[in-house]
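Both of the next two complexes hold chain A, though its partner changes from chain B to chain C.
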Partner chain A sequence: MDSDPTVHIDPAARPRPLSPNIQIYRPQLTSVLSIANRITGVILSLGAVGLVIWLGAASAGPRAFGAVRGIVGSWGGQIVLAGCTFAYFLHLCGGLRHLAWDTVHGFELRTIYISGWAVVAASIGLTLAAWLASLFVAG
Partner chain B sequence: MIVESSDQVARFTLLKRFPVPRNFKVTPQSRIEKGRTWPAPVGASRVQAFEVYRYDPESHRNPRIDIFEVDLDDCGPMVLDALFWIKNKVDSTLAFRRSCREGVCGSCAMNLDGTNWLACTRFISDMSKPASIYPLANLPILKDLVPDTTHLFAQYEMIEPWLHAKTPTPEKERLQSPEERSQIDGYYECILCFCCTSGCPSHWWNGERFLGPAALLQAWRWLADSRDEAKEERLNALEDPFRLYRCHTILNCTRTCPKGLNPGRAIAEIKKMVIERGG
Partner chain C sequence: MAVIRSVRRSPLAIAMGLGSAKTGAAQWWAERVTAIALVPLTVWFVAAIIAHSGSDYLSVISWLRSPLTASLMVLLLIHVFYHSALGLQVVIEDYVHSGARFAAVIAVRLGCFGLAVLGIVDVLRVAFGGGPG
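On to the complex of A and B.
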């Protein structure tokens, strides 16, 4: 150690700090939509369990179905269902965007931003359309 | 907002940072503490505050944020000028890398107001008030704004960034048509500043094994080169769940490249080439 004048401290004594990453990096459309695609994927997995419970109750008979229907029809149930609908459309539209990228299309920065905002707008529009259809058409 | 090119500075964002705790996934020695404030010289009329990440390996203390008040009437227009002003007039111990001061060398890459860019090509007038300056994200810090890039260059070396030729050396150059030459446009210009790799969340979580956008853009630069004769070997080395496929097309890389290059597209081209060869 003494023979090397450039070494003043033992690197093992105190590990170097890691510069901050997620704690300081600015959220951008790119990263926000990416994490949103992950989160909606998780929500849809949980939603699939809910769908199985709903179908299972329907096959189990009127009492079980009535109970599940009561939960789904409540305010809380409706809000969760609306969230699942939005998650479904966001994940679907995001998936189509990824499909285009897999064929090496749409990588210009301008296109990335236009397609990103289009995914957001389309998911909101499709969610509203699905709910209006279910309320007014299906009753 | 529609971003047309990477040099566009975000004028407005809902969130300056992700809603995670300040010390989320932060090791004890990386926790950032409050530093001191260095006031502007008496009589300065146009003052801009800079919050700067400081770390002194010899102090045996944690990193801290110092606030420097810079007299803009006495300072050049770029963020790098402000760093020089601080180093020359306030605190000579401030450490940062720089060389060309015109966006060619890539030395002064750092995190400015939350995104990675070169300090020499960002105007002070485009910074927030106060401005925040951190080292490139997610790297071991040697001192202040100087990160240890050993691992990033090791990853660069791994893609073997040189021409692999099997055919005998011709008497003159290995020729390329203008058409073939144009295939590496947008890729050969990389200056290895590592803004992209340091801004890639996938590299934050899997940087040990995922090569990251900078190295992968270079990998594509050689795959796209008509003179290179080792495409199979290059693709074999890349086809791996981590090295290549930890890229989830987040595209922070393309958003942040100070040279306006497109690492995201380069990686998509590699993935497509792997599929097209029947891999």
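On to the complex of A and C.
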């Protein structure tokens, strides 16, 4: 309508609809966990940068280590660390689910929902268990 | 299904299981191998960090200096950053459609490998260096 059919338009130059069309796509456990696995992967990559900073501080000496320890121990640091802990367990459990799928197991719709909710429950449970254990050790 | 596939791909291509790029399977496979390695390595690391909650500098250093800890830390860094490089590359390839994609993929690869080397050198400095502990 808005283009003259006699004019050649390069198909690759036209804006194409992206799939899935997230503006009208109803979120479901399957799609939410799928994108969560990617988001947590990106978060954990940033967390790995933090790991290198922590190791660098440890190798630099007690002053640098103390400075990083102070940042990690602050309220903001503890919130970020808690977020990274949950991201880790979600990515771990989601990753194990993916490895099971790679062996061509668990593709029944019912099984996919059971394993999906198991990933959610296990991630929350493991995060809470890790922090309770950490608080217990720290005293 | 098999009939449709045989129309689009030659019997040899189906038997070899390779797409037109020929190299995609290696990346997919490396992502899985590093994932399998990261299951025990990260569980060990998280458990060790929990066990050192509230520990001071000297106790963390003496833990890092042990040959087993240093070895596992180096392995962890290798697999973490290789897995990150592969995963972030897929994310970039899926969502970045501009000319920045090429630069972003290279930056991620160089950044991940650089960070891995930095981390490994730090671990080795602690393990073999003099200093306290």
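Keep in mind that, in the parts below, the second predicted complex is superposed on the first by the 117 of 139 C-alpha atoms of A that agree within 3 Å, B and C clash if a C-alpha of one lies under 4 Å from a C-alpha of the other, contacts with A are read in each partner's own complex, and residues count from 1 in each chain.
In this section, a contact is a pair of C-beta atoms (placed from the backbone, for glycine too) under 8 Å apart; a residue touches a chain by one contact, two chains touch by 3 or more.
In this text the structure is predicted, and so the values were computed from the model without any measurement.
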item	value
Which of chain B and chain C A:A58 touches, first, second, both or neither	second
Touched partner set for A:D102, first chain B, second chain C, both or neither	both
Overlap of the chain B and chain C footprints on chain A, listed as residue numbers	98, 102
Complex contact set, residues of chain A against chain B	8-9, 14-31, 34-35, 98, 101-104, 107-110, 112-114, 117
Chain B - residues contacting chain A, complex	1-6, 10, 13-18, 20, 22-27, 29-30, 32, 53, 55, 57-58, 60, 62-63, 111, 113-115, 132, 134-142, 147-148, 199, 201, 204, 248-252, 254-255, 262, 264-265, 268-269, 271-272
Touch list for chain A against partner chain C, complex	38, 41-42, 44-45, 48-49, 51-52, 55-56, 58-59, 61-62, 65-66, 69, 85, 88, 92, 95-96, 98-99, 102, 130, 133-135, 137-139
Residues of chain C defined as touching chain A within the complex	32, 35-36, 38-39, 42-43, 46, 49-54, 57, 60-61, 64, 73, 77, 80-81, 84, 87-88, 91, 112, 115, 118-119, 121-123, 125-126, 129, 131-132
